[in-house]
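So that we are looking at the same thing, I have put the structure below in structure tokens.
Here the chain labels run A, B, C, D, E and F in written order, and each chain numbers its own residues starting at 1.
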């Protein structure tokens, strides 16, 4: 199993979720994060003082999938989260050694 | 037939008689004492109505999404300010100065008080009052109409065209139609009665908002292709509740002050009766919405209770004095109930009214205007409908023209990206709650 | 002995004399002018007390946890509305109409004003006032009593049984005990004095809340098995502070309006003195709580300062006119201090009072009622205790019965799961701040 | 030359004449009726000014960062309470009792009302009023001055030295300089005119705040070594907007009540005119800030609009009666504009004013004090500058001494760690929004 | 070492923490997340419009433990977070290559 | 590639970010978390009731870097986040199997 962790623009979340359920994914977990990257925040003026916004709001999607799904999942995320503009985010894939469904105690593939 | 003000005091005295009390013939209250009471009533009740500006600001800030909250506050404080300036520059006189039938005489307002050259009081009328107090009281009303527009069109109209609309609404459109009735023009002659403005203030704002909402279109993502609705819940319900309580309190000024005098026992009893009826109608609006949403949805929708209170308040506004307590409760309950049905209906029509202002101010306003006939013997269905329709036609046509012209000149909507980002970042460059949740700039 | 109102004006005039001023014998203020002042005083001060409904709503919304905020707002706007309707349907007359000694004559209120058939003013009493203004002023008081209950029992009582309790409290329980004192019944004959309602309003709410809290039990998880306490901090302290400021402001209406007249120099001086004393007592309550929490805990507990202000206000309510400034400061300081000690004491007794309402309204209310003897020569310890105990016995027994019946019929508590989830989702189906933190629906 | 109050009523009557109206010679309003109006005006307008305490609390709570919000609320409710006690203990008499020229006679205030031993009204002056009402009205002003200090020095001053400063400011510094003008001392003899306190209240707070901010230093991290500024955005803009609306409303009391009488047609017309002018100036301040930030920054800065409203209000405060509407708009607009420029200027000087209070209350206060000469023929540039400079010198020197002494005794700043952690945790031991975002204790 | 990442129902957090300290675990890290899964959100009505709540509040617990503890840790979490009802959540186990205690610079097992 | 996950004290975030950009790191992702650890929360008193704050606010920094950077990155974080007092936090290093830049589809080292 693999954990696919994607950092995306917040307003793309619904599209990403739909593209993943289209692949048969049944669950995923989302968190609010702040991203620092090549995409520089706008320069804003607050009460006459200029400053640059370093951290931009992003959403982190974490989804654990069977090894053979990783390719499609990453591809779907990459497509559906893409706007072509800087700051679209990243996808990272990590190994998962074990999975358990808390309700039933099922493990690994059955737990997803 | 009320609010003729400076320009038709005799008609006023006559109209008061019709609603149950005449002024005391015994010269028990001296002319100057009455003058003080009348003037203070305008000033005090006007301050309460000014407070409604805060109420609208909080209600709307609570019912929009976080990303548009700063903008909603900006619009509200700006519109109140613009209304206050425009009504001095041109509005008041257009509404009340030498009304010809269809409008008055544009130009800046100036005071004329009953003092002689040495500053001695020379008033000779128990219905007299200070000119500035009347201006102040009339001014705060016009801001109310503009607040309605800001609520409906929230989250997707750019600041500049919105503010230009407010300039025209408060300086020209509102005063012109106001001159027809409160200014003594053709509608007052047609027998149209609207004590404190269910139609003249609330529906006027409602029509402008409805026309605007249709021309502007819904927030992106609000209505799905399959006809289903994507609710966009208000971000801060305590603010929305606070706003409603503020409006409720301010409404004692709105309706009570519209008695336009406090210098006699009859007037002050009228004011107290208005307070009571206003409160009963609002309470009935809440209870109606409580029962309806509880029964229909099995869950009690707080936002509907808040709108219900306002629906009750708007409904009683056309005639807050004449009804018995029971009738006030009835008028308010129907006002609240109408809101509960109108909100989803507008959604079905894909008219996106962010805070429910059309349901509250227009729908309940029409109801209240008609309901005048239940208690005021001088009112006729014909007269009331004439007023409702007359104002509707005028406001729909003129606001449509203004909105289209503004669309041509400025464009009404922000870019899709700016709308998604939120107007706070796009047009204010700042967030309402920068440290909460994902909006934080400090992390 | 105050607030006899329409039904015992002579007694009223007599009682005013006892607190330091008599009405001017010179006919300097005409009967009608006095009538206007008196009526306006009720209307104006009543509007300020209405505003306290917003204060309670904000205070309670700020002191509950986020997941119960929408419900707390719902309860507050609903209880104010219900109180306003029930007091018209039955409450006012039960309290003031032909009080037999133990209660008045149930039935809807209706107005009787001193006008002849032509609407001419025929008042002949300088203490006269408009009937509706009096109703309005009395009505807003009953809502205060109900707000106290909602605060104590927050976060774990279902909406429906709570609202049914409010119906009974505001329509029946409050008016019955009120008839004993302000209605001119047996307690007023026993010499019990409670100017603006430390006992008659605040303790009444407090007893109902205490009884309810015991029957209902604590919030799940509040008290650990080992006797330790698990604080559940209020979710929004700015709201709580706002609520306190609103209540403070509204209290000028609560106490000042309870002078029941403004038509003479003596009355208006009494009102001004009441404003001053009320403010001094509240300020002293804050400073007492500031010093006590600072010294005892080394940190200053804002929620205790807020409660301290209210403790001072409740304490001065039983006699806000007669005390000197220094005595007012003393009464308020003790009121605030009592709250600081009562809050942890109740926790030790495992009585879960979410917002500290029992400490504020009941404990400081008892103190204030007793403290009347320090400044009012007509008050006796015996008379005051009779009132405190009489009201206590009545309220404890009747509310216990009502709570038990409601428990049988509806059940009082939500399921454990619903309580854990929060009443907002369980009974309102919506969140107070849907976009903040983990509650967000948009992510 | 206004506000001589109890101790110089003749001077007062004379001064009213200068601002455009004289009292009616016809004995139309009886002495007692006038007494009631005057007293009620103090009580009512005083309650509105009390409400400004809530306004400052909300404004400041909204403009500080979350981690200092509880402390900011604590400071605000505590300072209002302390002001109210100190002004009774010593302040009022120091300001108004037998003023020698440089200060009055310290000691607790006590009432002297025109009643004989039987409580009969024996007033013989149409400008009379209840002593307690005057005390109440004067008291709420002193709290305003203290609120200004709390706003500027927020987020980095410890509670105890701040509160001790408030004790001295409200008990001693404010009353001494107030005795010079409103108390009838040397400044009033020098022809200095400040109707409602642009200098006497607002600049006094402003100078104390400026001196304090310099001695205290900026918040850690606010100014970078390279001269650039690190904005620390306010955490809750709806609260800040609410606070501004509250202040706006309260200002009707602040300026309107400063007419000091309502017992004649001339007085009530003056009050109404003041309401109008006050509103026009505030509106103009908003619009000025709207246009300026829109043009200069391309984005509209809501916090500047809020400050702009207050700048307009402060500017009109020195003379809210005499100006024409157009002049009021001009005075307010310049007041708002000054704020927009002063805020970044102070930042350039590395003076850290958290809520913009120095720009609003000091800069616009000086402007307003000078602008009196445009409309009040009795005012001279010389007299106005004498007042501005006299108050400045006194306040800078005395507050500097007090701040330095407090620094020696208590230290003014929390440890760096406590400042980073936030005063809420360090000194209150609680959070303002414990459940929102990263502050949550429940997770 | 392993990173045990558990997505649980928020009100179970205290029980989970206690069960882990019972095993001698000295530290863990918690974040607020939103979960999408088989457990469908209730259908709610907001202002008369029905909608389904897709994302439900969950809590993510992350705890790094020595390899030999993984089994017990997962078991304890599974037990203490269990309600038997849908939506109880998941446990995922990932490999950790290295750990450092920032205060002392200690590494790996000593860092936990 | 490796995912370096650091739990640090919130007020150290800016220093950590600067020390990493000093190493040429171009992006990172931050989230708000609560930490339970050896550092016990202060005992606070709320309305007269004592209680101990179990969970303290922390910040989680996640940065994916090439294998050869891991040493320096961990070192820099350890240095810049260090106060020497209990509760400074932890650094955990996890393997990343794959990385994608959503905007361009670039993978692995090019994606960072």
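Operating definition for what follows: contacts are C-beta pairs under 8 Å (C-beta built on N, C-alpha and C of every residue); 3 or more make two chains touch, one makes a residue touch a chain.
Only a predicted model underlies this, so the values are computations on that prediction, with no experimental measurement involved.
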Residue numbers at the chain C-chain D contact, same meaning over half shared and different meaning under half, come out as different
Larger contact count among A-B and C-F belongs to C-F
Expressed in whole Å, how far the mean CA point of chain A lies from that of chain D is 52
Separation of the C-alpha centres, chain A versus chain E, in whole Å, is 18
Residue ranges of chain D touching at least 2 other chains are 30, 33, 44, 233, 236, 242, 297, 299, 301, 303, 429-430, 433, 436-438, 440-441, 443
Flagged in chain A as touching 2+ other chains are 10, 30-34, 44-46, 55, 59, 94-95
As the complex stands, chain F meets chain E at residues 2, 6-8, 31-38, 54-55, 58, 60, 70, 74, 77-78, 81-95
Within their complex, chain A touches chain B through residues 10-11, 32-34, 42, 44-46, 53, 55, 57, 59
Per the touch rule, the chain A residues reaching chain D in their complex are 44-51
Touching chain F in the complex, chain C uses residues 228-231, 233, 297, 299, 301, 303-304, 340, 343-344, 347, 356
Chain B residues touching chain A in their complex are 420, 429-430, 437-441, 443
